[in-house]
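Each structure below appears as structure tokens.
Two complexes follow with chain A in common, the first pairing it with chain B and the second with chain C.
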Partner chain A sequence: MSKNRKPNIITSNGLTRRATLKGMAASAGLMAAPGFVRYAQAQTSEPIRIGFQCHRTGIGAAYGRWYERVTNVAARVINEAGGINGRSLEIIIEDDGTDAARGSEVLEKFANQHKVDLVYGTLFSHVVVGSAPMAGELKIPYYVVSEGYHVASGQMNRYCVQPGITDVKAQVRSMAPWIAENLGKRVTLIYPDYAFGHDHRDFFGPAIEAQGGEVIAQVPIPPTETSFTRYFPQIPSDTDVIYHVMVGPAVLTFVKEMGEFFGTGGPQLFGFIDSLEAVDLNSPGLEFLEGSHFWEGMARYVQPEMPDYEIAYREAVGLDESGASVNDPKDVSTAAHMFGCWETLYVIKRSMEACGYRGPQDRTSLIEATEAMTEMDAGPEHPQGRKVFNGKIHQVFGEQSISQVRDGKLEVVHRTSIEDGLYEPEADYTTMSF
Partner chain B sequence: MTRAGARNLLLHGAVLVLLFALNFVLPEYHRGILSRVMVLAVFAMGYNLAFGYTGLLSLGHAMFFAAGLYGAGLTIYHLGWSVWPAFGAGLLAGGVVAAAIGFLALRTTGVAFMIVTLMFAQVFYLGTLYFTTYTRGEEGLILPQASRKLELPGAELILTDPAVRYMTALTLFAAVLVGIFLLVRSSFGRALVAIRENEERMRMLGYDVFANKLLAMIVSGVICAAAGAAYAVLFGYVGSGFAAIQYSILPLLWVLLGGAATTLGPLIGTLFMFYVIDIASGLTRAHLLVVGIALILVVLYFPKGIAGTIRERWLRWLQ
Partner chain C sequence: MRALTFYRFLLLLYCVGLSVSLCGPAFAHASDRGHVLLLPTQYYVLGGALAVAVSFLALAFLPARPLLRLAAWRVTFLRIPFDGRTGISFASFLFLSALVYAGLWGSRDPLANPLPLVVWTLFWVGLTLAHGLFGNLWGWVNPWYGLWRLLVRLGLPEKGSFRLPARLAYRPAVLMLFAFAWFELVYIAPDDPARLAIAVFIYWFFTFAGICLFGFEVWTARMEFLSVFFRLLSRLSIFEAKRECHGFRLFLCVPGGKLTSIEPLPPSGVAFLLLALSSVSFDGFMRTFLWLGTIGINPLEFPGRSAVVAQNTFGLLAMFLALGTLFALATWAGERLAGGRGWLRASGLLVWSIVPIALAYHFSHYLTALLVDGQYALASFSDPFFKGWDLFGTAIPHVQAGIVLGADSAWVIWNAQALAIIAGHVLAVILAHGIASRLYGSGRRANLSQLPMTVLMIGYTIFGLWLLSTPTAG
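Entry: the complex of A and B
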């Protein structure tokens, strides 16, 4: 111990009656001050418990694996920095099986058995939509990282929020200006013939028309299809751009057959990386994607002049230069989406700090604190970039990346503005009762 | 009534009283789970009527459950119907689908019947995706909380309340259990069992086998649809996932585990399966492996399902 440092043990001789009375009076005054009680009670040693609804099994398992890693790292980093309101963060994980019914059951388990403060997760829209009614009934905050338009559409309830990842409507709208300017204005859409594909169809058409372009053909692919060659003749010969959003195990076949159909020529290609999340771009059959463009929520590959906070985030979650795990180069990440877990946990942290969150009795205050958020600056808490939160529709808006496949790697060639993706709100959760 | 009949009556009554009492003593989470299990057990009981009692190994019963789910859900969501007529629409949808599919599929037997029902169910599933404009396909629809109220003379039950939900699920379960209990003891029920055991002999005795099987299929479909409609209004979600092949396999699994052609087997199988998954997933990431091992053990030691083996070894009177 330094000689100059004061001893931190007060001896009996150091405490006089006068000093004691002064201290007690000061303490009483402080405790009577507005807000103190809440603050004092927040200093409990009880951890804040967050139930993480995770796709550990089922079709979303690859996403779930990376969502879980990012969540655990973010929680550790938050705890190392002092936690939330002086309390540590505890993540409780349950597998939702990427199933809507199980998702709802898991949410009930979090609320009634684990007694968590709030529930957080998950990616696949059907799990989120299936779980939302239970969140409303149990009156438990449900922070989702799903990128679906379901939250912003207003069909959920006041307890459902999406503050860490942009929604598909904003993503699609923000792509249209760049596509029209750089790839062409006559677009053919190839999409899976169910809700995910329909979202792209319904949102992209008006967006490209606003840029003076048009969708000249739509090619819906039935969900059970395994061979795609017979659909390619439906693509008009004067197509400038093929916009494709195929997902699932058949995507490799889709790309391979498209390559065989068009050979070295053909229209420009633009796709959403959702199709190839957790898939190595150097997988056999994907050579045809060389030169094509993709939407990326966040860059998979290390880019030149990447900000320090983004590099720090990548190191923390264990990404190598190619966006795979530092422990296994074959374990490719879901980089374009999983940052949403990191950012959502920080939004929860900020919201809890803003409302002086103590426990479940403050759940409505927590939602109101999140609703009150607006600007989120890029930085360690928001490594994907700056964001703007719209409290009325419980949805965040952000910048997007457009990347090109060059030498088997994705290089970011354009960054959209937040304004590119903004749209008129269709709901107002703040007018709904709790 | 025979002594066996009295014992069965007593046992089934005791089960219903126990389920009623559990509402007041179970912790919140387990009460919620039991609400779901009872609804799904109704689905399994419907399946048991076709498979266990009539010998119709269907791989397409998800479409009956989903017909009820969508019949109730879509009328509430798009037409603003209240719960009673919507529930009726669900039953009607299930009955119509079961009659149509039964009329076609019952021209086949054995493996062909399995494949035909599987294919029809797949058509139904793809139909729910094809009409995404109305169903929102795999993403599904949320039924507004305000619409999930059950109007009764002089009262309005809020189905989102956990206790009301439990009691509603129990009421449905009890009604179907009593119905099945009476049905399998009736001449129609005995005819179904006889058809399962020896179809040719029944035909030779002058029974219209096709008509009996079709009726069994329709009743089975309506019961499954009742479960689907109840699921929609009680839990507020309607999605294509409930029409997928998984939901055709699950009732088969529940019935095989609990005991085919036993009235309480479907409840036991559904409950067992639910808790094995729930507990195992809390213990290990490889919970599906644990579930698989548990199923193998049950098959080894309870080859006729839990209730079926109990009946064979110890309680011969068990219905």
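Entry: the complex of A and C
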């Protein structure tokens, strides 16, 4: 992993670190010639510059650290394989502080100062929502990796796409069939009482009803709550499944108190790994999760029959068998989300190749090329699995993993189909003007 | 050509810097607070409060003389046969210039650019703690003294050409410290390399101009807040330096031993120390669920600094005023109990006991930042200007963020933090006792005068431990 850090970051003279080293010998003679001008041989030999709007500081920093690692590795792999249309890829990082206002500023800086071809990599929804209008105003493609439903909902604009990670609505919907069939049909929802939790409540209810199940109780928890025992009596005794999506520092307390409340019994548990992303599942307090199930965007732990391309992805990114850094076993990755960076960069590559991208004058063609994409086969470019892109709503759909905690590890017990998560499009960006 | 040279000269000046600022502590809060929530922190809080209370009681029954004798203990540690301040300060100036250059033209990534990492982590965290241990290093490594000495040799008046009104006392430094704290805690992008470089340059230039016009001693004694801050903190260190004909003699002493002969601070000096402590306290408090809930922000979807500028500006000020009020009340009540009539003098002396608490807060609050961002800082030195260099073989590191992650790390870090907070307050009680003995002489009066102060210390111990164990955003 150590060799993967920062290999593609642009240097102040416009060359990547790797390109600098590789090109030094080859171009020594040329550089010695009078009147040498960099890239004079052809405009298209200039690197493709991607502005990475990264959560380096602020509440998204733990995610940002892994998004940065995956992005740099993917860019290096793409460059080693010949780049995009024969041009190398350069990643330019700007920190947005996980702040919507700064996100918008950063976007403007990318467009006007760094002169990047496109902006990419944003995770937190509020930063995406705060930045997308600026992308539209500056007419610069904005490829986000945020999992939010805001892109597919039609609230963004023609320049904002999410082709590398599925959205929460599809994720939630795709869980319902398996839950109804395997865990039970009477579900109690426990969720934080704000937008994130409301999304799960609003998306899961109809989905489970479509499977013949029902939500028999909802237990919203105030976001500032740190003790949960008093809420558990609200769980009906005939509950088959508790669907929980708590997040924040009190998650461990939540699980511990739930274990103390139910003892060795209680309903089945189903959760979203968002609650414990980057947290060691063997942490004290999480013992009650043994045997419970989770949604995972991509498996954290190595699985018995993992495809070669997924193994190769893990090795490239530097993950050990438990999904932590090979150099730092306590640094647990954000495995369920960060693959989206890898896949998005490959979508950008394919789109650029499809439209013969030359520079900023082809930005609209780039968006149209992405919109025209449909099937994405599982493989080295899409290690998380097969996907289908819906150009109308700028959103990709994919398979999901359902994993069970066994001996303190997550084992994938089911892969949903893409169809499980599909929903009727509620927008059509392709009819919007550029 | 001349214009170009002048431009380069300006550029060089531009690259001079100052160490201001802050931030960085994204990783200060990376140690999973969730693990701490599962620890029996309430016992630590109880134990900490008891330790402070017992310390007070024990001191109440002990004669002050052995304490004062211990404080006066000195042993020669080292002779420094030269005064290297000019050379070291000049080197520091060059180093700062390079950092500012890096800030303006190096990497845009705050975790790859050496400027924010040095300023916020190595300087603001590391150097501050070093002052509490080793003494006034800033007197040697500040980036103005060397250049100023050079100009003095060339004819610049050593005492300056203007006089800073004495009645200003520490007020200018208080304002500068508040501006610094605001930039660190409230401004939306204090670790953006370019913005920080500009801030550093402006402060360096402002200070250098002030030093040239008013003289180094006067300006750094009352206006340059870093000099004031570090000088105050260094009173706690275990080294004492005394000038000799050639160089310095360094003595070893007990922590706080230098405070027994200290002069009372004027009210503005009291305000300065209290602002230093309250700003670090607010750095912790502004991330708590309690504060975010109070200002109507959902801590689980913290919108970013830009959404809380006004609220946190108010909060920073309110924290300072609250601590100031409590301190004033405690010293006033103590003075009344002891039957004294010199409240200002008493508070000006007793505020010195705040120094170990400020240092303890600094250590505890920024420990995780030091551990993780310190690694990023070392890595950035290998390629400071983002040229693809690897000067020290550390340019492509894998920063071990895991050092502050997980339940085991949380336990170790929490214990280190709690120990520091409790030890800082116990030392504060001891110092306050010594100062009170000096003020009031008789044991009974001294003990009575310390009752309100001890209650404040116990309260701040509880507050400090609560800050480190309550749920926070980020």
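We adopt the following convention: the second predicted complex is superposed on the first by the 391 of 434 C-alpha atoms of A that agree within 3 Å, B and C clash if a C-alpha of one lies under 4 Å from a C-alpha of the other, contacts with A are read in each partner's own complex, and residues count from 1 in each chain.
Heads up, the rule we're going with is that contacts are C-beta pairs under 8 Å (C-beta built on N, C-alpha and C of every residue); 3 or more make two chains touch, one makes a residue touch a chain.
Note that this is a predicted model, so its numbers are computed, not measured.
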Partner chain in contact with A:Q155 - chain B first, chain C second, else both or neither: first
Which superposed partner A:M306 touches (first chain B, second chain C, both, neither): neither
Which of chain B and chain C A:P329 touches, first, second, both or neither: second
Most chain A residues touched (candidates chain B, chain C): C
Partner chain(s) touched by A:F196 [first = chain B, second = chain C, both, neither]: both
Partner chain(s) touched by A:I59 [first = chain B, second = chain C, both, neither]: second
First (chain B), second (chain C), both or neither touched by A:H126: both
Which superposed partner A:E94 touches (first chain B, second chain C, both, neither): both
Which of chain B and chain C A:T224 touches, first, second, both or neither: both
Common ground on chain A, meaning residues reached by chain C in one complex and by chain B in the other: 56-57, 94-95, 99-101, 126, 194-196, 223-224
Touching residues (chain side chain B, partner chain A) in the complex: 27-29, 32-33, 36, 122, 126, 129-130, 132-133, 136-143, 145, 160, 235-237, 239-242, 278, 281-282, 285, 287-288
Of all residues in chain C, those that touch chain A in their complex: 23-24, 26-27, 30, 32-35, 37-38, 105-112, 188-189, 191-192, 289-290, 292-293, 298-307, 385-388, 395-398, 400-403, 405-409, 471-474
Residue ranges of chain A in contact with chain B within the complex: 56-57, 94-95, 99-101, 104-105, 108-109, 112-113, 125-126, 129-130, 132-134, 136-137, 148, 150, 155-157, 193-196, 198, 222-224
Touching residues on chain A, where the partner in the complex is chain C: 1-3, 5-7, 9, 11-13, 15, 17, 20-21, 54, 56-59, 61-62, 65, 92-95, 97-102, 126-127, 192, 194-196, 223-224, 226, 247-253, 256, 279-280, 283-285, 318, 324-325, 327-332
